[in-house]
Amino acid sequence: MVKKYFRNIYLSFLVHVFDIPPRFLAFLMLIIFLLLPITGLTESILIMLITANLFAIYGASWDLLVGRTGQISLGHALFFGIGGYTTALLYVNLQLEPWASVSIAALIGFLVAGVIGFPCLRVKGPYLALVTMAFPLIMMGLVYYFKDITGGEYGISGIPRFFPFLGYFQQRLAEYYFTLVLMLISSIIIYKIANSKTGIVFVSILDDELASKASGINVTKYKIMAFAISGLFTSLAGAAYAHIFRSVSASSFTLSMSFIPVIMTIFGGIGTIYGPISAAYILQVLDRYVLSVRIPVSTEWRNIIYAAIVIILILKWPRGIARIVVDKLEDIEEARPVEIVYKKMKKKEESSGGSINAPS
Amino acid sequence: MHLLEVENLMKSFGGLTAVKNVSFTVDEGEMIGIIGPNGAGKTTLFNLITGYLKADSGTIKFRGEKITRLPPHKIANKGLARTFQIVRPFRHLPTIANIMVALNSPRGKKKIEWIKTPERKAMEMLEDVGLSEMMLEPAENLSHGDLKRLEIARALALEPDLLLLDEPFGGLSPIETEYMVKSIQRMHLDGHTIVIVEHKLHALMRLVKRVIVMHNGEKIAEGTPEEIAKNDTVIEVYLGKGI
Amino acid sequence: MIEAIIIYGLISSGTYALLALGFTLVYGVSGVVNMAHGSLFMLAAYLYFAFTSQLAIGIFWASIIAILATGIMGSILYRLLISPIINDEVAVLVVTIGTALIFEQAIILRFRSHLNPVPSFVSGYFQILGVKVTFASLLAFTMALVLFLILGVFLSRSKAGRAMRALSQDREAALLMGVNIERLYMMTMAISAAIAAIAGILITASQTGAAYPSMWYHPLYMSFAIVILGGLGSVRGTLVGALIIAYTELTFIFLVSAAMALAGAAVMAVMILMLLLRPKGLFGRRIEME
């Protein structure tokens, strides 16, 4: 929490005082990430970063749905698990290459999410949260029941790696870069959607559905769209996860798994998209390095700490989760949907020689 | 053919009849007002016409087409736009983005001239209502008067054939009211057909040529502002509210 | 087979109804969806276990203390974590889920992950229609019914109870009549926690027989399935919902041989179906405007 505050001040400082455009900052961070392994990372740190890359996608996609359209999903583990199981089953039954099965898994996630979106339309707030929680439970029941297909409580293991032709450490390295690229592409796509005209419509749904309808918006269509896109990326992350950690089990569908993006967005700022992405890294470092290696803390205490942080953060901002969106939007100018408007108009004005502030 | 035709509209909530057998028509180019004491059913009527409530019986026709069972966004896209009595801005969006939402609807997209970008058109609409300076402000920072204007600009973004204004003068200062009156007159001259629900009879009576009076869900009178002002039933219903 | 389903279903629905009543009470009165409801259930079961096995306190007193302690825990939970953010439904959800997760971890830390057997009230069984029914479960069923009735009386006769009903039916009117919200909410929460505790001890002692750290999921899901089915805030709905859910669960367990998990899935599917067809539940109130 304190870290986030300082990070924002730091970034604002860089942006406003040194006049470094946030784009450049992002570019810098990218270079850092790309060159990081050169500093001589151990395998465990690579695993940490790989996990962070994938969870970043998970968090960003959740944020797009919840932070931008306001449809609370407490069952996103459904898509993560579906991604993992789909790719695993495709391998087991059809011997598909990872690239193919992961792509199909993402597609399945897209479709399932689109379908799930429909019953979710009819409910709001706590009801919606409860409905979204029900779906992973149903999946868990199905997974346990059809244990011949799904491996029941043991799940499926021996899922093939992405780069089996490489040596052990090189594989981890390759996986790191691969997931990094995946994360970057996914994040950029999600970010662009969030700050496009469609994104503006999403926020209108978050703010006032009735008014959005009055403006001619087919709210249903956009809500389903948000669900489907979110499901696609989460499934993608889940599928990649399965290939890297080589197994998938019913634990992918638990409430704790669904709670992960909640922790990340509350930590990083809900609705910002980049918030949960950065939180993914910070939390992974916290979890696997600080609290495991530096200050050894048991798993249970770590989980308690994360949940406690979430609770404290929410209690600190009683104005509501959505309120944080505005604060965060104001901190980093690049994030405002306004910016696309402003820039386009600035460009037009400059080319036509007028001024932005037309006479009123 | 009437632009809007409401026939025998009925709506009850539990035991309470909010709209009882209401019928009226609106022709293209008209500007009419709907008045009545609180609870008369005016807003319910609006909600029924614009698709937010389902009528128990009766029909609503827009350009001869039955819209009784259509959802709100489809009705909006057909050219029937509305504002809300209590403003409903998109708080987290900047003012200009509020307009751009409407411009992103099927009708909104169609109505942008190919030579303009949505941002340009949105900016022009804001100019029309005098909100250009607030363009990049999050809508939640706007004053009440500004929000009322934004509300109308948003409806106009759809370039509607029929505009339903629900208490556009609510909470406005005398100066703001004057401005609003002029804006509405201008909209009417631009060719919009307007139906206004309003309490502030001063402002309303100056604007409209025809008035419908509602009470307890029923239409009790209809006529020019002068006729209505002299109508005994109406005066009785308002009990002392001068006109 | 069918007889077993009928008999067990009936018994099960009794305790489920009680459990769900606690959940719906809090929602009806204060609008709080308490995701830690199952955790309070679990807390009581563990306290009961600890008192009877590690502290060698008799069953009766162990129960009483466990129930009281859980009730107090409920109040504390309300005061510290829910009251500050009560106006934000989503925040309440997230905070209570967080609390439930913390509870689970804390239980694991203290009691480890294995099953901890819990003593039953009475031993022995009898037969009805060829179906074996333990006295313990009969006792649980009876007690659940008795408690339900007591609560019914409390809600209709006592001042606090009537205030609760008033808040549940017409919030604004109740507020205007000067009801002391904070105190009432806290009392409701305490009662709900006590109910969860009682259900926890009853169900664990008579049916499952053991306490384990992930045991809070099932009661939570059952509670909200029942309450959504019956309509949040409706007592009648809770009874009907409990019957439907209990029978659904048992039917699946008996007829489809594997699965507790599948039965849970079936219950969830029924809940979703209800939400699709009739979002406000069987006896919930409908809101008109889109």
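Chains here go by letter, A, B and C, matching the order in which they are written, and residues are numbered from 1 within each.
By our rule, a residue touches a chain if its C-beta (ideal position, glycine included) is under 8 Å from a C-beta of that chain, and two chains touch if they have at least 3 such contacts.
Predicted, not measured: the structure shown is a model, and the values here were computed from it.
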Inset, instruction - Compute per-chain Cα centres, compare each with the mean of all protein Cα atoms, and return the closest chain. - result: A
Inset, instruction - State the chain with the largest centre-to-centre distance from chain A, centres being mean CA positions. - result: B
Inset, instruction - Averaging only over C-alpha atoms, locate the centres of chain B and chain C and give their separation in whole Å. - result: 49
Inset, instruction - Could you give the separation in Å between the centres of chain A and chain C, each centre being the mean of its C-alpha atoms? - result: 34
Legend entry - Gap in Å, rounded to a whole number, between the CA centres of chain B and chain A: 41
Inset, instruction - Mind pulling the residue numbers of chain A that touch at least two other chains? - result: 210, 213
Inset, instruction - Can you tell me which residues of chain C touch two or more of the remaining chains? - result: 289-290
Inset, instruction - At least two other chains touched by the same residue of chain B: list those residues. - result: 52, 71-72
Legend entry - List of chain A residues in touch with chain C within their complex: 72, 74, 119, 122-123, 125-127, 129-131, 133-135, 137-145, 147, 210, 213, 255-256, 259, 262, 266, 298, 300-301, 303-304, 307-308, 310-311, 314-315, 318-321
Inset, instruction - Provide the residue numbers of chain B that touch chain A in the complex, in ascending order. - result: 50, 52, 71-73, 76-77, 81-82, 84, 88-94, 96-98, 100-102, 104-108, 117-120, 122-123, 127, 130, 132-133, 136, 138, 140, 154-155, 157-158
Legend entry - chain B-facing residues of chain A, complex: 197-198, 200-201, 203-204, 206-208, 210-219, 322, 325-326, 329, 336-338, 341-342, 344-345, 348, 357-358, 360
Inset, instruction - Write out the stretch or stretches of chain C touching chain A in their complex. - result: 33, 81, 84-85, 87-91, 93-95, 97-99, 101-102, 105-106, 108-109, 217, 221, 224-225, 228, 256, 258-259, 261-266, 268-269, 271-272, 275-276, 279, 289-290
